[in-house]
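Read from first to last, the chains carry the letters A, B and C; within each, the first residue is number 1.
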Amino acid sequence: MKSAIELRLELDDLYARYAASLDEARYDDWIDLFTDECFYRVVPRENFDRNLPLSTMMAESRGMLKDRIYGITSTLYHQPYYQRHIVSGLFIRKNEGEALHTQANYAVFRTKQNEISEVFNVGRYIDTVVTDGGRLKFKEKLCVFDSELIPNSLIYPV
Amino acid sequence: MKSAIELRLELDDLYARYAASLDEARYDDWIDLFTDECFYRVVPRENFDRNLPLSTMMAESRGMLKDRIYGITSTLYHQPYYQRHIVSGLFIRKNEGEALHTQANYAVFRTKQNEISEVFNVGRYIDTVVTDGGRLKFKEKLCVFDSELIPNSLIYPV
Amino acid sequence: MKSAIELRLELDDLYARYAASLDEARYDDWIDLFTDECFYRVVPRENFDRNLPLSTMMAESRGMLKDRIYGITSTLYHQPYYQRHIVSGLFIRKNEGEALHTQANYAVFRTKQNEISEVFNVGRYIDTVVTDGGRLKFKEKLCVFDSELIPNSLIYPV
């Protein structure tokens, strides 16, 4: 049985590696932070608050996450940009033993080639974390972002 | 007697709930993070550095905080916006046993309807935290923001 | 022998004091966070990824850091601005016992006189931390920022 403190350190580590792998475009490492059966969704706050089904990005399994990454890195034509994640305010909403329901605020900065860095997407993560193979992983990750403008320029996961 | 580590986890949790309650506009939960006798003040850095008394927002008790929230949610005419708090660099300036003097950096992002998210207000929290009813609460919270422009558009607490 | 948890609290504290000392322009305190023999470098991500030697700012000892600070505070003509650091996602890349190899994401906001706060410089710290005189200090600090534009307006350390 892990202590509250050990759990907290492992959670911090999970979120740190989530940000680092995305920002360094190490997508295989990023996918490894999810369980096989997983749910990933990016949704505007308004849709979330009103229970509207529309998602800006969605994957219902690790296989779909891999497809998405393949699309990004191999087939889609798009102008690449760097991402930089800043995450804070992580807390455990509910500890069900098997599953931890966590929440955190995030800000993603985007840097396009030959441009200055800018605020890209801010919001909160509403996640379910489980132990899988001795490590914490995301079983569900919901990214609820504040801007009502749907950024069709959202290429990479946030 | 709490260990340094327990205290740190509780502090992290206090700051996380502070951000989450404001950003989700759960103002009753936010007010619950303050002691009955409390002091809340938002002040530009220049005024703070020069010891000038002018505040952008101030409340000298939980009752005044409630009045402010009532004004925001019920009577004031204003264009609503979403807030998103990112807080980091929390440390204990001084531990007086009864009272913890803490400090942290914050960045608040604002999202107006049909607009993109933007940097709204950045600065530092200079706080006094005490145990009240078995939980850590803010006895004093001073928000010192960097921009010398006084944002008259600052509606919600930061 | 420190526990993983004690080490983590001390690391958090080191990064918090790094941000606070820079943002409050307490440069002597900032220099004290480095070992005598130290290496500080600010470099664009593209140069870092391609192993190009060009640095935006560099110091190869604490003496050079002091010179730089002297230049900033005493001799250089420049328009001053406030900095605000937000740091998150700290993790230990490798623990060699003597030396900790750490990484974290950072966002620095800049506030010029009579202007609003803006995103200034975002990136990651790639650091080496050692124990020196009973405290953790930076032996190496590499700041890799995302924007390919070299900000010649970068006056202060980030």
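Here is the rule we go by: contacts are C-beta pairs under 8 Å (C-beta built on N, C-alpha and C of every residue); 3 or more make two chains touch, one makes a residue touch a chain.
All of these numbers come straight from a predicted model, not from anything done at the bench.
The angle needed to superpose chain A on chain C by their Cα atoms is 120 degrees, rounded to the nearest 5.
Both chain A and chain B derive from one sequence, and where they touch, under half of the residue numbers involved are common to the two copies.
Averaging Cα coordinates per chain places chain A and chain B 27 Å apart.
Residue positions of chain C with contacts to 2 or more other chains are 5, 86-88, 107, 119. Here chain B touches chain A in the complex through residues 5-6, 9, 12-13, 15-17, 19-20, 23, 82, 84-88, 107, 109, 111, 113-119, going by the rule given at the top. Contacts from chain C toward chain A in the complex involve residues 4-5, 8, 45, 86-91, 103-107, 119, 121-124, 145-149.
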